[in-house]
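In the two complexes below, chain A is the common chain; its partner is chain B in one and chain C in the other.
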Partner chain A sequence: MNSKNDMNTPSRHKVSALRLYGHYLSIHLRSVMQYKASFLMTAFGQFLVSFNMFLGIYFMFDRFGSVEGFSYSEVLLCFSVMLTEYSLGECIARGFDTFDGMVRRGEFDRVLTRPRHEILQVLGHKIELSRFGKLAQAIVMFAYGVTHSGVTWNAGRMLTVFLMLLGGTALFCGIFLIYAVLCFYTLEGLEFMNILTDGAREYGKYPISIYGKRMMQFCTFIIPYALVQYYPLLYLIGRSDNFLYGLLPLLALLFLIPCYLLWKVGVRHYRSTGS
Partner chain B sequence: MIVMKNICKTYKVAKRNAGFKEAARSFFRREYENVQALDHISFTVQDGETVGYIGPNGAGKSTTIKILSGILTPDSGECLVDGRTPWKNRIDHVAQIGVVFGQRSQLWWDVPVIDSFELLRDIYSVPHAAYRDNLDELTELLDLGELLRTPARQLSLGQRMRCELAASLLHSPKILFLDEPTIGLDAVSKIAVREFIVKRNQTHNTTVLLTTHDMQDIEAITKRIILIGKGRLLLDGSLEDIRRGGEDIDKTVAELYRSYEI
Partner chain C sequence: MRFEVAVMRFSDFSAADVTRPHPNPQNNLAFFRLRFLTGLQYRAAALAGVATQFAWGFMEIKVFLAFHRTNPAAFPMTLGQLSSYLWLQQAFLAFFMAWLMEGELFDCIGGGGVAYELCRPINLYDMWFARSAATRLSAGLLRCFPILIVAAFLPEPYRMHAPADPVTALLFLLTMVLGLLVTVAVCMIVYMLTFFTISPLGLRLLFSMAAEFFQGAVIPLPFFPRPIQAVMELSPFAAMQNVPLRVYSGNLAGHALLRAVALQLFWIFALVMLGKWLNALAIKKTTVQGG
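So, the complex of A and B:
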């Protein structure tokens, strides 16, 4: 026997989750550099894609002036925040979005044979750096939206925007997580889940109130989009003085709890594939 | 020590006949068949033992490995690996075992092998000094040298398998599960893999449980053989028990399969 035995003592220092995630990120960076041209083109394409959505809003307001009492600059703020949340969520949780492939190829078996949390490994497994093109575009829109919104910025409102980004990103991650859980049962990706992700990004351009009361209830109590979009927006643009509206995005973080519990059930249900 | 006691596992498999009409019918009313992958499997493996786990395709070999490595939860029965129940203390358990799936790679496709190894070092939280010692030892024994700097996608199957073995041993597991480690390898690579496993068992007293269809693997590596078929344990003994007369081991095993009607 040689010196190997002392490694298995429980006292060995555990690499932190954040550092490990950083290591995954670095591997993805190194992989991407192998295919430079492909990466740059994809990232550029991603950058352009969401620009279309902005044009949609622009021409709409060019014609109508306002939507349900919301002005162009207000809608722009709403849209840019939602887009940033979505893009951040997609960058972080791309592993959930492509989880069906992981299950079908049996790669999740490998995840289960490693001594780290499954979620950390799944997130690290797929970090699509080209999505950062989309994120870059979202940040450009965000800067544009914030500066053209006509909002008089104070500490409270800045905090609210930050919380919106935090809550919204968490919300999208949660929905991607549910999507991944369903893959345990169907072994296939379920496109209908895109209604909740791509759909939310698309419809979330406008304050949710314009879609009517039913939609509002759904987006407040079931999938809490309104908590990160409509209510804090009212506070931002000065339609409501209630600072609590600005803090509501924090409540949306609770959405992650049922998502996580579903994941736990899903993992227990997991049936590996093939030999 | 590995103890399996009356482990059962059933899969539900969707069945239908060929043809479009049948496919459409099964879309609405699916017929399932329960397949008993493991039927009251019990055995014990001592520390430092090398065990060959054989049986025809679909016998339940991989299912057993998956249960032992914490991937699958059995329907019933007990299983203890060094006192841990794999599917209950998954994270504690898998830190102490190594698993190689011959048909699936654990290396990152586009980066040099050494990058994958360093990620594994962090996943298993192996201290840097111990990692360096382990890597040096494995590099020498498996003749990895230049391979470490090559992206996994450019390795031949034999080269890749040597790297896979090293990858599963960087954290010095006491138990090694190998699921068809020599599948598709050429003669030279097969021999290299076999010799390495034997050596590892001798120098580190690593317990090895190996599934294979290659009887030469069994001859070269294991002292004990467990034969399963249709989910049932049929024979637990030594290579000599199986040989009983016949000189050609492949023929003898084929006859054995036939005699058990599996």
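So, the complex of A and C:
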């Protein structure tokens, strides 16, 4: 059992976990390259997915000028940051998104027998490279949003954007993780979870305040979207001078803790489907 | 994608087909009926879908309400028309969303199962057309009523209104059917093009995105600037949900309505012709790669 020995030396284990992930990545890369034309088309299609959203925002502002006191450039910044967070989260945690199939087919049994952390294996199981098309688009939007936002950049604001990206990506990973946990019990992907992932990307393009007070409370205390979107945005665009607002995305990181605990509970209760 | 669970094995009753030597329109009707009944079996999935679509519809209306509060003068529809549009969009999602294609057909083309289909004395295009239409119809009908009924009892800006008069209601039903046929015809083109690429994801995405944008699923077409809207309305995609959803609330009426119906008919004809031509071409060239 050589691999067991590897695990006992923590430093070597860490390096090889990363290397293992890299290996997973290269396998997926080689496999999509078998259908190059289709891969490029898919990546391009993914690129367009959010382009539709951008056009929607563009034409709405073309007609209305502003929404609830937020200008086009401010909303664009909000949208692009949210989109980048979502795309990063999706690239990393896509394995959770297709986890229901893994449980149904009994593949998770195999995962449990290997001497590696389950999460690493589930993540490596499915890395959809075409999603990098979406990420590329998000980065283009992000660059456009940041340069056209009219924000006077200083160290504090740059830090805030970075924290927004970090907190938001973690938040989306956490939600994907919850989705996977539910699959332990339902065996089916639950469609209503779409609202928390796709829905958050779709409607998070506008500052959460436009959806009213109730929605703000939900997005602050239950699922902390507002901590990575609305409050730091206020600081970014100079609507608030409170630097604490800029640091709030760090609090969103705490969301990962209950998610991870839920995952642990889920794994403990896992019963193979036997197929 | 949730519609892919509606699996039916054609091989189960292929023997019966073979005994019938001549292609016969009744076959397509039978396929239609079978798919329709299969689709109706998935009631639990439909219920979850209804709840989800309800939430989406609610959020969508909230966005438009925020824009309305900001600048009511720039709003191109009444709020009632908008709410009806958005609820119908959610209720009949399965009719018009181009991304809801049948994974089984893609698998069958990519995996070589299509060879079995070609053995049948039935036109492949007609059979798949009937099948896709039935899948969409059953999924749509199963989901629409709970959404429409609840939406009809919501408080005012969110409420879904009844059509103004029976004629409008009839026109709505007519354009709805035509819109569904256009949607299926568009998807058929994607299936046929899949014969040439094998891995269909890219094509599927490109078509779905274009369809979504041009049919008014991102924002309804009246929200675009006039000249852009005029061009968009000519596209085959605008003949999908854009027409019936606006007919319902009276946003599209009179001369413009006639033109829209004519365009729907034209696109059904043109897309079916193109699809059949691609079908013939594909079958001549197709190589079944094992299986």
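Everything that follows uses one rule, which is that the second predicted complex is superposed on the first by the 258 of 275 C-alpha atoms of A that agree within 3 Å, B and C clash if a C-alpha of one lies under 4 Å from a C-alpha of the other, contacts with A are read in each partner's own complex, and residues count from 1 in each chain.
Convention: a residue touches a chain if its C-beta (ideal position, glycine included) is under 8 Å from a C-beta of that chain, and two chains touch if they have at least 3 such contacts.
Note that the structure is a prediction, hence the values are computed from the model and not measured.
Of the two partner chains, chain C is the only one touched by A:M60; chain B is not. In the superposed model, A:R271 makes contact with chain B only, not with chain C.
Legend: residue contacts after superposition of the two complexes on their common chain; A:T113 is shown touching chain B, with no touch to chain C. Looking at the shared chain after the overlay, A:P258 reaches neither chain B nor chain C.
Of the two partner chains placed by superposition, A:G156 touches none, neither chain B nor chain C. With both structures placed on the common chain, the touch criterion links A:G238 to neither chain B nor chain C. Residue contacts after overlaying the shared chain place A:R30 against chain B, while chain C stays out of touching range. Once chain A of one complex is fitted onto chain A of the other, the partner contacts of A:E68 are limited to chain C, with no touch recorded for chain B.
Under the contact criterion defined above, the residues of chain A that touch both chain B in one complex and chain C in the other are 35.
Against chain A, the residues of chain C that register as touching in their complex are 2, 45, 48-49, 51-52, 55-56, 59, 62-63, 66-67, 69-71, 74, 76, 197-206, 208-209, 212-213, 218-219, 223-225, 228. By the touch criterion stated above, chain A contacts chain B in their complex at residues 1-8, 12-15, 19-20, 23-24, 27, 30-31, 34-35, 105-107, 109-110, 112-117, 121, 268, 270-272, 274-275. Listing the residues of chain A that touch chain C in their complex gives 35, 37-46, 48-49, 51-53, 55-56, 59-60, 62-69, 130, 188, 190-192, 194-195, 199, 202-203, 206, 210-212, 215. If you check the complex, the residues on chain B that touch chain A are 11, 57, 61-62, 66, 69-73, 90-92, 94-97, 99, 101, 103-104, 106, 108-111, 115-116, 118-119, 122-127, 130, 133-134, 151, 171-172, 174, 179-180, 204-205.
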